[in-house]
Amino acid sequence: MSSSTSQDSTADDRPLVILQPAPQRSERIFTASARMELESSFRVVDLEDDDDPASFEAALPEAFAIIGQPELPAARLARATRLRAICNVEGNFFPNVDYPAAFARGIHVLGCGPAYAQAVAEFALGLALDLCRGISREDRAFRSGTERYVSAGNTDAILLRGARVGLIGYGNLGRALRPLLDAFDVDLRVYDPWLPDRALADWGLVPASLEELLRRSQVVFMLATVTADSEHLLGAGELAMLSDNARLVLVSRAAVVDYDALWAEQVAGRILAGVDVWPLEPVPADDPYRRLDNLVFSGHRAGGIPQAFQQIGDMVVDDLRQLARGLPPVRMQAAAPELVGRYRNRPVT
Amino acid sequence: MSSSTSQDSTADDRPLVILQPAPQRSERIFTASARMELESSFRVVDLEDDDDPASFEAALPEAFAIIGQPELPAARLARATRLRAICNVEGNFFPNVDYPAAFARGIHVLGCGPAYAQAVAEFALGLALDLCRGISREDRAFRSGTERYVSAGNTDAILLRGARVGLIGYGNLGRALRPLLDAFDVDLRVYDPWLPDRALADWGLVPASLEELLRRSQVVFMLATVTADSEHLLGAGELAMLSDNARLVLVSRAAVVDYDALWAEQVAGRILAGVDVWPLEPVPADDPYRRLDNLVFSGHRAGGIPQAFQQIGDMVVDDLRQLARGLPPVRMQAAAPELVGRYRNRPVT
Amino acid sequence: MSSSTSQDSTADDRPLVILQPAPQRSERIFTASARMELESSFRVVDLEDDDDPASFEAALPEAFAIIGQPELPAARLARATRLRAICNVEGNFFPNVDYPAAFARGIHVLGCGPAYAQAVAEFALGLALDLCRGISREDRAFRSGTERYVSAGNTDAILLRGARVGLIGYGNLGRALRPLLDAFDVDLRVYDPWLPDRALADWGLVPASLEELLRRSQVVFMLATVTADSEHLLGAGELAMLSDNARLVLVSRAAVVDYDALWAEQVAGRILAGVDVWPLEPVPADDPYRRLDNLVFSGHRAGGIPQAFQQIGDMVVDDLRQLARGLPPVRMQAAAPELVGRYRNRPVT
Amino acid sequence: MSSSTSQDSTADDRPLVILQPAPQRSERIFTASARMELESSFRVVDLEDDDDPASFEAALPEAFAIIGQPELPAARLARATRLRAICNVEGNFFPNVDYPAAFARGIHVLGCGPAYAQAVAEFALGLALDLCRGISREDRAFRSGTERYVSAGNTDAILLRGARVGLIGYGNLGRALRPLLDAFDVDLRVYDPWLPDRALADWGLVPASLEELLRRSQVVFMLATVTADSEHLLGAGELAMLSDNARLVLVSRAAVVDYDALWAEQVAGRILAGVDVWPLEPVPADDPYRRLDNLVFSGHRAGGIPQAFQQIGDMVVDDLRQLARGLPPVRMQAAAPELVGRYRNRPVT
């Protein structure tokens, strides 16, 4: 354990912040300049490489904020009498925090999900354009000397402009993807059972049932998070509703799709898919999926790019400074008490 | 030769249109409904499968318009006393028309370039996103069992949002690409020696010299057409100005780039490129390019998709109807007398 | 007091909602259809015309939500053991609620501010265009027979396109105004001491100090709310920083401007202003302001239009239904614990 | 007559430009810097204050371009053997040019209409917002001490957001207005008999018949130019189709509306209007129109603001330089041979 300051701590009235970001790495999320900002505004107790619980316990009573996702049961929270914020820098809210106790104390429980949204949205659009135009498929053909020129390679190509597009889930990812799709004047439908139709309409969107969305869309973006309700949201029945040659982009969580059913549709050559998340990661070496031609493969890479990680650190510093000034956080995402216990996401390893 | 109508032609006062679209195919550019519109408004002399010059000559004196790109030297134009429009449906203006003679007569010389622009713009963006995020590269890795997960596969990934982007050429392609890029709030520069700086500024763009653009951009779109001035516009010197890891998207014409110099930069692993056009098409089977890893290959497929071709037919019908009503054409692109003789594009075969 | 249902209340498990909207009127905020939705989902205890505290007290123990802004000191909240939401339908958070007690209980304290934002933004833009082009001034001239034609009436007219524009405050109003201004490609600066610079930058905005904003802007929108810190935010010194012929639009709260100083600038003919809010409303009949020619007058009309009021009712119904389904509210604005005690807004009478 | 250069004219190979802008004034359209650019690239024969036809005739044989709208019958054009461009800087094409002769010679006939479009669009939007929100009406009330506060003054106020809006005519003005309206997510219909429906659809617009547009719209923008076909396009019958409380914005030409019929609708209090153009200008002092309360008056001020005039000069310089470099003009509007003879606009005096 190292403290970030050599000053006499009794004279240092900067708020104390515990930094224990594992499995996240602090040098990945904090640029040099963000780290300097953090250190200048706060006494940072850096526990990144110190997993002795005693160190954590020692810092807890004075902690103004915690950066990371350590265990925070009621007993620990009770000792953290000055705690104002818990900043999750991994991306998922896990059941290792006594959220009701935190909310009752007015402690801000903040997530870094928005930091990944732009990266995921751009990747999702990249997959969609690949599927609409056969970019990686024809690149493979070129490398094997079987490329087709001009219209011969374009028989199933479609414009995204004006296409019928569906978004399943309209949270951070959908909101980041939406302006990108607007530039294509797509004919958009949104399914999100957590949002009232009038909210979507007020944001200029057209709500749809899942079935309507699946049946009409040429391009479907699966952006839903995992809860007990959304597991296998796309099962065999739902996938069968997709029209022939529909393009399906999966960039949220594997658990929302029945991969056996997806496999069947793919083997049948009925739909095209871009898949970034997998039921088992790494995908087994002999997984038959690896032979599919109408699939664009990606290894859980949609969100975790350097700029996204650095965005997390910037957000943390900004919001901790807001709180230290008596202002509300504005950059990280506040956990909703109604939802925080529902997520079934697993940590990315 | 077949006439589209069984009516007594002496009583039929619909304007006569010669259809000789080769190498374009009429069923590719006209949907059933567009063809019906064409036939209902005009007497169509269909010479698609009739290359007897006598047929063409016979129809010429009455022709109101020609759909296609046949030879039209001064002598032929002189006989076409009623001619109002020449509708090129291939995409390039060739030197087989006496353009000055046509312009002196007020004959509209119309091109179908705008029909391809959206398709090319979407493809170019797809290539750019692929290069920014390694989409096809990691898809290949997945298929060979060497995929990398999460941040391990993202070390060189960048957001398009906020990226420094340069457009070389701001014609139909640039105008179609621009709103797509605007959605990413890119930091855009444009080089186009055919446009005054103030015109670009008035359209909300920042003009730049070619050198400034190349040196500062993380993503460069080559969108220029070929003229005597633009051949090898990107030579060894210019390519050397690109910063390391710059992404270069080539979707206009091969002649504007020195491919030997490009090859050298690629082999050095200094830049990434998405290439749709080639000095020789098809690319020779043993071309060493085919082994490059930092290149996304495409076989001249950016523009020629079914929806683009059908757009051509719609445009032709719309503009011929405009002219028949005494109104100016509004959908095809009027050839500029100053430019039409400068193009060095070859037909796509 | 009337209950909305004839059912046996012991068998009715719909959540109970107390409706006491004064000074707001329920028929103004609920369309017939929204009212029907409210009644179908909730047992509504309608106290709009019942100011007997006993009625309120009787309903309180069972209340799931309160629509209105009644007194809610700790004692009352303590009896409201089932309370989940307090829906303010007036627009300002007053100090008549024990907010800490509500937050400690996880009760949602929701405001209707967003319902007015679009109306205010459109009005503010209307005032700005009026000031840029002399719309009401020349309309008056026309009515008095002294109108000027063409350029004679346009000597001080400016385009909004490309103009240097400043927003003071970037909350609901600024966010609603921003896309309207974006359509004009304005050169925008934002001053908001409650937001970190990086947040503004991430939203594509350029932060500025108040002084820089005032000195450079041709058009300034005052959109800040009133707190102890923002009273007379624009005093004599700040107004003097405005350039000659600057246009100032005041649509938030009168207390943020020193009207004596504004009056001096206006009398001097140095700036133009559009003013919707006044230190005293109604403005005294003999107020010398009424004679100013370079001012567009409005009687606190920016937000309170029929569609804005009806938006409130829709939002209330949507969010109460969300809460009844165990989901977070998404349409009203959650009060920030850090801010709710700072506002100094008075109710509009 | 003065020549702009002291150089020996036999050695000066800069193209010669005749400047005779009346009734436009050169100092109004050329900034100092644009004038300097003009002088540096061209030999300017300045005939602004020289109406001796001999001066004009003397310069004609060498003239590369003419800036202004002088008489150019066939005989004069025949003597202007080097003429490449006629740059109209007034705004209307008059019948004082032998257009067919010019077109046969490939002389560019260029208009400055686009220079006014942004100014008109902003003004039109300002009028629309005024009519939607009663801005000038309530400003008048305030000045007479009869202002109404909050909702009392807003009974007929409507949002522009989501409103049903119609554009009559989709030329320069409509194209400039469209992005401003898009920011309000209006429900837009366009009527323009000079454009094919598919062109409008391709630009993302919904075409409508005039009747449908008038019956459904809450806000109608009259943007059509005058031709034999469009005189009194809005007559009594058409105005009667407008729904009660419709807002009508007239900013193109008076001749397209039957003002007697408009007067009747206004007197009946059935519609609101913002009117910038008048059958007789100046409007007679005793015109009963001047007493109408549901009208916003303006004296032909929509387009002629300083920035618009200066835009003309910039466009002229840019396009003449383009032509001198052998490139097509890109900023002014090329006269369409099909349309140039149809306009019935009168010069603004």
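Details
Each chain gets a letter, A, B, C and D, in the order it is written, and its residues are counted from 1.
The rule we apply is simple: contacts are C-beta pairs under 8 Å (C-beta built on N, C-alpha and C of every residue); 3 or more make two chains touch, one makes a residue touch a chain.
Chains and their UniProt names: A, B, C, D = Oxidoreductase.
Computed from a prediction, not measured in an experiment: that's the story for all the values here.
Contact with both chain A (Oxidoreductase) and chain B (Oxidoreductase) is made by no chain of the assembly. With respect to chain C (Oxidoreductase), maximal separation of chain centres occurs for B (centres as means of Cα atoms).
Here the spacing of chain B (Oxidoreductase) and chain C (Oxidoreductase), counted between their Cα centres, is 51 Å. Work out the mean CA point of chain A (Oxidoreductase) and of chain C (Oxidoreductase), and you get 33 Å between them. Centroid to centroid, with C-alpha atoms defining each point, chain C (Oxidoreductase) and chain D (Oxidoreductase) lie 38 Å apart. Not a single residue position of chain C (Oxidoreductase) touches two or more of the other chains.
Interface note: chains touch in the pairs A-B, A-C, B-D, C-D. The part of chain B (Oxidoreductase) that touches chain A (Oxidoreductase) in the complex is made up of residues 28, 118-119, 122-123, 125-127, 129-130, 132-136, 138-140, 142-143, 145, 147-151, 153-155, 157-161, 179-180, 182-184, 281-283, 285, 290, 296-301, 304-309, 348.
Looking at the complex, you find that chain B (Oxidoreductase) touches chain D (Oxidoreductase) at residues 100, 103-106, 194-196, 198-199, 202, 314, 318, 321-323, 326-328, 330-331, 336-339.
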